[in-house]
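Have a look at these structures, which come just after this line.
Paired with chain B in one complex and with chain C in the other, chain A is shared by the two complexes that follow.
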Partner chain A sequence: MPKLSLTNVSKIYPGDIVAVDNLSLDIEERDFVVLVGPSGCGKSTTLRMIAGLEEITSGDLFLDGRRINDLPSKDRDIAMVFQNYALYPHMSVYDNIAFGLKLRKTAKPEIKRRIDETARMLEIDQLLPRKPKTLSGGQRQRVAMGRAIVRKANIFLLDEPLSNLDAALRDQIRTELIGFHQKLDATFIYVTHDQTEAMTLGSKIVVMDEGVVQQVDSPFGVYNRPYNLFVAGFIGSPKMNFLPARLEQNRELVQAVCGAHCLTLSPEQSAGLQEYLGKEATLGVRPENIVLYREEKPGAWLARKEIVEMRGADSLVHLDCGGFKLTARQESSLCGELAEDCWVSLEGRQVHIFDKQSGIRL
Partner chain B sequence: MVIDVKIVGKGSVHEKLLMGLVGVVALIFLLPLVVTIVNSLMTEKEITWNFTTQLTSFDLIAGIKEKFQQIKLIPQQVSLSQYNDVLLNQPAFLLLLLNSLKIAVPVTFGALIVALLSAYGFTVWKWKYKEIIFTVYIVVMLMPLQAVLVPNYIIADMLHIKANYLAIILPGIFSPFGVFLMRQSMKFIPPAYFEAAHMDGANHWQIFWRVVMPQLKSSIAALCMLVFIEYWNLVEQAVIFIDDYTKEPLSVFLSRMGEGWMGIVFSASCLYMFLPLWFLLLGQKDLEKGIELSGVK
Partner chain C sequence: MLKAMQKKHRIPSGFIFLLPGLLGFVIFFIWPFVVSLGYAFVDKPINGTFVGFKNFLDLFQNRAYRLGLTNILRFIAISVPLNMALSLGLALLINKIKRYKELFSLAFLAPLVIPSGSMVFFWKALFSYDGAINGFLVNVGIGKVNWLDSGLALLVMVIIFIWKNLGFNMVLYLAGLSNIPRDYYEAAQVDGARPWQAFRHITFAQLAPTSVLVLIMSIINSFKVFKEIYLITGSYPHESIYTLQHFMNNMFSSLNYPRLTTATTVLVLIVVVFTQTLLRLERRASA
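What follows is the complex of A and B.
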């Protein structure tokens, strides 16, 4: 039995604005589920429905097999870390963490014991007497985490908790979050619009768009086997290159014809594409699956180098390939050797073919 | 009125002009206050001499044919005799001061309670017609006092509280201004605070008392000061509703004092001003912050 289960859950706001449309999702115990998608895709609304902060318009929400649609959020055994941390400015860090326990009439020595234990774990012991406004972003984030942890809830909801931090701190806290998840042995449901964050943190990723779940899979799955064009384009940075293509037979294999260029697909891919021969499709290839050559190679396409973005160890090379725009990721040390005109080879096994009409992976 | 002066450059002409302008404006605002304080330290004889335009037989002997009121900023002789007269020889003054407090204090506390609770309802609770009702509040707030005095009088008559302080206190307590000010301030509290408290198990009373109230200290102070000063200085409502002169507030009495009490009017005014001025100086920062938070500028 899943820990938390959403069955055909929808949220419709007045004016028939559909925020979440018929969402079904099972979350197992100790999962680290990341809801990811662009702004307005319904990920935060889903989280708030789980928290009990939004009413569910239709569908069912089960916690340990019990329907909890109408259960007040305080009785759901769920703790939440808010995007702006929601630390009460007039209370000290200690009082902020103790607030929930005091409301539940926990004995004072027990409150102190739990706060000390949590503060040690989060390394915020020194901050307990201080007010939130005297803390840095990272410290506030930890205190917010402490307020959730101290309740010893079974499920932690995190609503974009890293979005207010600078890049370096975000990386550090991200690693810490993974550690907390392992230490606490609890279920984490995390909302973010940052696909890198989702890929790093999640054991299960739920990609959403326009209130609809596009794919539920492991980070490896959403990256390497995107279900549709949206997932393929959203997951991965820089994003996947898309080229219009027509599928044709080339002896016993299938080839994708993109304008004047052809790409013969692998036998495994070809096997599943026989019924789509002669149809229009979209070919997707990730920047790291494009190989650049200085000289002509069999099957390689001629391209013109437009812009090179230096990113450190690797660089992004923006190319014009017979009217098609492509972005390739290349080792920075090799970029200097490239002339204005170069040759592009797509790794046949690593390309993705999508139906042109539905956008679904073929 | 808060004037932000940006220093353009040390000693620049622009800065000097700006400072000169600010100085002149400040002087205009301060002059009545200075005149009142200085005159309160003059003897009754000097006040009478300065402000009486009627000619006496001594004037006629001295050949003076016309007299004008004179505003002097330096007393001939500094004296506290006016204060002595007001506080010890005029028991009516203290009685009327008490009357003013009987109106201003209940209105201040009542308005604060009503404003806080209503603003919480308007901010936190989700209900269908709240925006429409709030708009009605704003419309009522924009109505001038004179426009609502007649309906207030009719309602007070219906409730048989016409010649009672309640006829002034009740409309003051339910004044929309407080609700507006508090709601605007509460809107600045991020909804996540309410939600976090709700998830922690707090009920509405606990959220109101332990989460909202401590964050509104400045706005509460600002509202208290504004309402207190407004009802401390009221004249129209008291003139209309209070028939018995022993029940009238000091503000009404002061406005009439010049008619026959010229000798003590300045000291009485100073004593009258003391309380609101003291509040204002004490809570100036809160007043500024509270008004800033409410977005009312």
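What follows is the complex of A and C.
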């Protein structure tokens, strides 16, 4: 039995604004589930419905097999970390962390014991007497985390908790979050619009768009087997290259014809594409699956180098390939060797073919 | 030119922008007060001789002054907390409604823009011995009540004060409420706070700076209710509503400037000490 289960859950705001549409999702005990998608895709609304902060318009929410649609937040055994931390400015860090326990009438020595334990774990012992306004963004984030941890809840809900931090701190706390998840042995449900965060944190990723779940899979799955064009384009940075293509027979194999260029697909891919022969499709290839050559190679396409974005160890090379725009990721040390005109080879095994009409991966 | 002036004399630009307002404040408020302060230490306004603190000692031995001071403190003690509680309650109610919020706010602000003089007729028609309320009381079998010439006059004064200031305080509280992030309530909800606990630990605590402002404004405004009372009951009303303002007004009429300015100085001192103490306490609490 899943720990938390959402069955055909919808949220419709007045004026028939559909925020979440018929969402079904099973979350197992100790999962680190990441809801990811662009702004307005319904991920935060889903989290808020799980928290009991938002009423469910239709569908069912089950916790340990018990329907909890109408159960107040406080009785759901959840703790939540808010985007802006929601630390009470008039209370000290200690009182902020103790607040939930005091409301639950926990004995004072027990409150102190739990706060000391949590503060040690989060390395915020020194901050306990201070007010939130005297803390840095990272410290506030830890206190917000502490307020959730001290409750010893079974499910932690985190609503974009890293979005207010600078890049370096975000990386650091991201790593710490993985550690907390392992230490606490609890279920984490995390909302973010940042696909890097989603990929590094989640054991299960839920990609959403316009209130609809697009794919539920492991980070490896959503990256390497995207269900549709949206997932393929949203997951991965820089995003996947898309080219219009027509599928044709090439002896026993299938080839994708993109304008004047052809790409013969692998036997495994070809096997599943027989019924789409002669049809229009979209070919997707990730920047790291494009190989650049200085000289002509068999099957490689001629391309013109437009811009090179230096990113450190690797660089992004923007190319014009017979009217198609492509972005390739290349080792920075090799970029200097490239002339204005270069040759592009797509790794046949690593390309994705999507149905032109439905956008679904074939 | 402004830039040249600033460069030459290193005048902060903020000060230059402040100057027109500051000049007006000095000419019309500070200077007259300083001049009047001088009267508090002489025996008569013209060709007076310096008498030190004699006027202050005399003032505190004056029965009318002590009565006025006691009454105004009693009035403040009753009306200010009542007005604060009502305006906070009203702000909480209006804050909850989703439609016509502005309409309700405007309705409660109306008394602020109605001239006091024009309302006197209304209050008289309501509270005079042959007024509407007594008419109603007679109709329901209760006898007439002497609203304006008995101990109940204080109640009338409180009602007029609340009518006049409720909307203003309510707007201040509404502004304070709109500044409390919704996250706080949601975090409290997840933590298990009941509505009363959320009010106590979040709303009330977060409104502390607003409450201090409302308290100060209410106390200052409580001295202004004199206008209506004076117009309804004249220079010598019932003892229960004889306030410091009556005393000062009567001193002004009898041209007793030294006593008038002494009373004013004491009042200003009380208000300054009180507001400063409150503001410091608030600052310390929120530090």
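Just so it is clear, the second predicted complex is superposed on the first by the 362 of 362 C-alpha atoms of A that agree within 3 Å, B and C clash if a C-alpha of one lies under 4 Å from a C-alpha of the other, contacts with A are read in each partner's own complex, and residues count from 1 in each chain.
Here is the rule we go by: a contact is a pair of C-beta atoms (placed from the backbone, for glycine too) under 8 Å apart; a residue touches a chain by one contact, two chains touch by 3 or more.
These numbers were taken from a predicted model, which means no experiment stands behind them.
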Message: Both complexes share chain A, so when I overlay them there, do chain B and chain C fit or clash?
response: clash
Message: One more residue to check, A:Ser266. First (chain B), second (chain C), both or neither?
response: neither
Task: Mind working out whether A:Ser332 is in touch with chain B, chain C, both or neither, as first, second, both or neither?
output: neither
Message: Going by the contact rule set out at the top, does A:Ile78 touch chain B (first), chain C (second), both, or neither?
response: both
- prompt: Given the touch rule stated above, what does A:His90 touch, chain B (first), chain C (second), both, or neither?
  reply: both
Statement: In chain A, both chain B and chain C touch residues 51-53, 73-74, 78-80, 82-86, 88-91, 99-100, 103-104, 147, 151
Message: Show me the residue ranges of chain B that touch chain A in the complex, using the header's touch definition.
response: 190, 192-193, 195-202, 206, 210-211, 214-215
Message: So in the complex, the part of chain A that touches chain C is made up of which residues?
response: 51-53, 72-74, 78-80, 82-86, 88-91, 99-100, 103-104, 131, 147, 151
- line: Contacts from chain C onto chain A in the complex sit at residues 181, 183-184, 186-193, 197, 201-202, 205-206, 208, 285-287
Task: Please give the residue numbers of chain A that touch chain B in the complex, ascending.
output: 51-53, 73-74, 78-80, 82-86, 88-91, 99-100, 103-104, 147, 151
